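There are two complexes below, and they share chain A, which is joined by chain B in the first and by chain C in the second.
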Partner chain A sequence: MSSLTYRLLGVLLLGAVLALSTDAFLTVGNLLNVLRQASLIFLLASGLTLVILSAGLDLSIGANLGLSACMAAAAIKSTGSISIGIAAGLACGMTIGIANGLLITTLRLPPFIATYGMLWMVYGINYWAMAGNTIYGFPESFREIGSGYLLGIPIPVLLMAACLIVGSVFTRYTTWGHEIYAIGANPEVARLSGIPVRSRLIMVYTLSGVMSGLAGIVYLARLNSAEAGIGEPLLLPAIAAVLIGGTSLFGGVGSLSGALVGAVILTLVLNGMNLLTISGNWQPLITGVILLLAAGIDTAARNWNESRA
Partner chain B sequence: MARSLRRIPGIAWLLASLVIFFSVFGTRFASAPNLINIGNQSSILLLLALPMTLIVMTEGLDLSMGAVLGLSGVVLAMLLVNGNALPVAFAAALGVGTLFGIANGVLVVALGMPPFVATLGMLGVAQGIALVLTDGQSVAGIGSALPGIYASRWLGIPFAILIAAAAYAAFHFLLYHTRIGTYVFAIGGNREALILAGVPADRYHVLIYAIGGLMAGAGAFLLTGRMSVGHPTAAIGMEFDAMVAVIVGGTKLARGDGWLPGSVLGVMTVGVLKNGLNVMAVPSSLQIASIGLLVIVALLIDSFRGKS
Partner chain C sequence: MNIFIQNVRSTTAVVLMIFTASCAKPVDEGAGQTGGESIAVFTKNQTNPFFETVRLGAKNAAKQMNATVIQYIPTVQDSITEQLSEIEDAIIKRPGAVVFIPVNSRAMIPGIEKLNAANIPVVNITDRVLGGSVISFMGCDETNMALNTGRFLLQRLNGRGNVIILEGVGGSENSSNRVTGYRKALAEFPNVKLLASQPANFQRVQALQVTENLLQSYPQIDGILAANDSMALGAIEALDAARRNAFVVGLNGTKEAIDAIKAGKLLASGDCDGFRHGCLGTMAAVRHLRNLPVPKEFIFSVMVIDNTNYAGLDVPYEERMCPSWESVVKDK
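Coming up: the complex of A and B.
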């Protein structure tokens, strides 16, 4: 756990720097805002963590979020029912996840190719269906999911906490969770020891799809509007959050709590840039550099461990 | 040779049936101006697909190519706007591309980072720099020299197609008639043997990624000439089309199993599919989706052929 302690120290250090450089940072409102922004990245990153633990990858999560949000928006508008809208969003996310899982296990496509192809297919379908339109204006009770409070805590943050607890119990204390780690560490050994690798992988990609759908609903509720491109900028931050959190790209090592810390660190950086009024055009550059740094540390640590073994 | 002959029908069959389909159902498809248009559009893609073939053969990929092409184009356009000579601006674009290619190579080869994450990070960096340089706006006012060259013809053949043909000849020679080409096959196929034979495999591996960056810079020349402006996000996603072309063309993601003529057929297939759907007035968003579908269809055909 010591590596997680270092990361928490990183969070404190970043927070201290921001608190000293701008008065706007250390306010209750802004800190809750940071957590609320982090919760969106965490929801995406949590499903991705499971995928990466299994030594896979899901590049379609941002596009999935976009399509799921638009599906939910369209369903709410046409039926007037919030629960049908939520179901439509989650079902959309799940369908994309299952399709990814089948492409990877049945067609044996490398995960990055399958999910990269899925990314463009989902974008294409979404841009076609939305035809440049924006769907906006949803019932107050739906918007509560993104902007409401319960006991003074933003609802997305509560959702994040719930997903963290359920997910951590799942990965740490259940057989299925352990099997994900085993597949990531060595799929051949996992298969020989009787783990149904195929169905576990489909499950992992399905969960990643469902989490993208959930993130899409939360994002939709907060923005109160949906257009085709809304998921696009979220892929890099989600991958970066997973890697900053110490989950190894090579599979078998990592945790959901790491993804939470990663999401908070990333949000602090982006929030800080915002408060310091740095243009949003810098965001891909900064996120790319952070991603490379995190991946570099992960790779170097692995090389070091291998050279000692 | 027998192996490549057996492979030809798969992609050629797909390409031929697409051409027949669009000729029958798209009224304006089989006209000379439209076919030249396909050739022009495919030329830029081929410049990326050629190095992508080599990279995929080494069990890698380069997701940053489109973003690097965009950045090189922005640099090219900005230097032209500031009154620099075209050769200077073009050299700078090639330099920027090569620099990113080398960075990709160093991250993948020297650090051992998985290629998709290294090049995805570089995608963010390249796109970010392009956005910061331009503030997200088009760079207009590049003068008439570059668009003039792009519009020129030699023996009736458009400039872009000539460049693409020359690039293919160079890559064909490099891959099949030089020692470097042999090393490319070996890096993906049997790296260990290469190293034991005393070849600095790492250096050649970085070189392959550097060539990828260089070609993205060259692609920027054509794209900027065609659009007459530099735009930071103009080429986003082009690396995906290039990857599709390579995979559809029969290059395998493992063991140095690559086929350069197949990549040309793959580029033509992507070009025909996009253009044909365009002629039939299918929205561009669905064209993107169809390219994703193309990979899956091609790989399905591949796996059935492999079984029989």
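Coming up: the complex of A and C.
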């Protein structure tokens, strides 16, 4: 069995427990609901996966989501054009990503520091520009990106699927993808074997920025409003989704499908607690226990698999 | 109006500040005025529009009274450590008086004690600090605000139906007072069933998700009582996407909430008016410095904003003027 199969064990076990405890869980409506909720975290986590595969880190993704959403919001409000809004959001995300890449490759700042500094700058700019205000009320056709359906499937879920497929093909079957793994495993060896480490790293942070921008647009379309601080609560869950999905913080090991598993586990915990109407006093404790259990099952299964090999 | 673009154009000085400072720097908003008292205003964060209205009220009152205002805002929202270090900064700068909203009612007691030790008078507004000594507390009874707003929704349901409560941050005093208020209202209507009371941390996106989840398990939800407007608006997005209908109320009376009331999406929002907190708190501080009387405690009246009475509030805060002290604070 592949390591992903073991990771799915956690999801399946959690799903089985929920299915046995409430009838509302195992319905097509609720499962699509869970996937739609997971999409936002996944979009952020997918770009971050590439960064972490290269043994880097991007702490600016939450702040980036916030600024991109506000930029897209401002652009739609002032031009009335949805495509300009989307372009503004993606361009904002990309710019922040490129800046991260340059800070890390040119100034040789550690990724943690570079992107942590970027986090503050991006929040700072956004807080100043928004001055505590909210931009809200967007055209129905734009909001379809967040709340619409195509062939019965929520559009954010389709976007997530598209990113998963494209991203998986990119990381598994293209030279660039392989190079990211190689850089993460050992940047020195990667450099000596002729991989253009610098430009690949810039690419990785740029992609992470673009994905944050995309997540910002989906957020905006889903919530119909943007304010400066919206990305703050999404940063840690996105990092957690990547790591729960088995991607190593040390680089070189992991996958995008793992990030999906991680995002779904995080979403299932909230979904389950709401369906079972667990009191707010207990929710943080239960979240912690379930996350540790999911990670524990994964580690145990992997150890068992390796001891047999 | 495009606030974003306006602000981008407004000034570059703040950008420089962002580049040079990683922690909060006071913003001097009274530049150009001299001779007036300087009042340091402490709010909780830059994200919640409520506190922006408090700051605008403070600025407006200071202008009316020919005083100046210095704003202290934590860069990490509601950060206890940051607000404490801002107090230390302020003590060095020695403002005439402080208008203070604690990020946490208990954790800020040492901060108030430091201001007391430095002999800087403190007017506590909005949320009560549970220690130290202050000239005045001017705030709102949050339980009562939620009780009135909850009652309004339950009356609209004719006293029957299924409702849910969206709670704020677990363990926070705001959230527990507001939820207590909603539960008191529910106790008056025995035929209304509370299906679930779940936390969404005052956040819009979480309220959206929690409501989506609850819509999955309950086929009939008639009312949603949210502990702030952001959550109420998140819940409305969830209802819209699921093509379901329910009466929704929030708290704080934000501009966005008033627009949603106008559009018929939000039933009502309970409001204690942050603008007035900023106005009256600053006025009280200046009055104290000018040896004018200030009540030891003042509780603002609560208003439930709905589609019959929003008109007077539907004005940009930038254009609003502080009410006169005498019109609000009646001598006993």
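The rule is short, and it goes like this: the second predicted complex is superposed on the first by the 273 of 309 C-alpha atoms of A that agree within 3 Å, B and C clash if a C-alpha of one lies under 4 Å from a C-alpha of the other, contacts with A are read in each partner's own complex, and residues count from 1 in each chain.
FYI, a contact is a pair of C-beta atoms (placed from the backbone, for glycine too) under 8 Å apart; a residue touches a chain by one contact, two chains touch by 3 or more.
No experiment lies behind these values; they were computed from the predicted model shown.
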{"item": "Partner chain(s) touched by A:P284 [first = chain B, second = chain C, both, neither]", "value": "both"}
{"item": "Partner chain in contact with A:T27 - chain B first, chain C second, else both or neither", "value": "second"}
{"item": "First, second, both or neither for A:P233, with chain B first and chain C second", "value": "second"}
{"item": "Contacts of A:W120 with chain B and chain C, given as first, second, both or neither", "value": "both"}
{"item": "Touched partner set for A:Q37, first chain B, second chain C, both or neither", "value": "second"}
{"item": "Chain B versus chain C as contact partner of A:W128, first or second or both or neither", "value": "both"}
{"item": "First, second, both or neither for A:A73, with chain B first and chain C second", "value": "second"}
{"item": "Chain B versus chain C as contact partner of A:R222, first or second or both or neither", "value": "second"}
{"item": "Partner chain in contact with A:N274 - chain B first, chain C second, else both or neither", "value": "second"}
{"item": "Contact residues common to both interfaces of chain A (with chain B and with chain C)", "value": "120-121, 123-125, 127-128, 131, 228, 279, 281, 283-284"}
{"item": "Touch list for chain A against partner chain B, complex", "value": "57, 59, 103, 107-110, 112-113, 116-121, 123-128, 131, 228, 236, 239, 243, 249-250, 279, 281-289, 291-292, 295-296, 299-300, 302-303"}
{"item": "In the complex, chain A residues that touch chain C", "value": "22, 24, 27, 29-30, 33, 36-37, 40, 70-71, 73-74, 77-78, 120-121, 123-125, 127-137, 146-147, 219, 222-225, 227-230, 232-234, 267, 270-271, 273-275, 277, 279-281, 283-284"}
{"item": "Parts of chain B lying in touch with chain A, wherever the complex brings them together", "value": "61, 63, 107, 111-114, 116-118, 120-129, 131-132, 135-136, 237, 240, 243-244, 247, 253, 283, 285-293, 295-296, 299-300, 303"}
{"item": "Contact set on chain C toward chain A in their complex", "value": "2-5, 7-8, 14-15, 18-19, 22, 45-49, 51-52, 55, 75, 77, 167, 170, 195-199, 201, 203-206, 208-210, 212-214, 216-217, 233-234, 237, 240-241, 254-256, 259"}
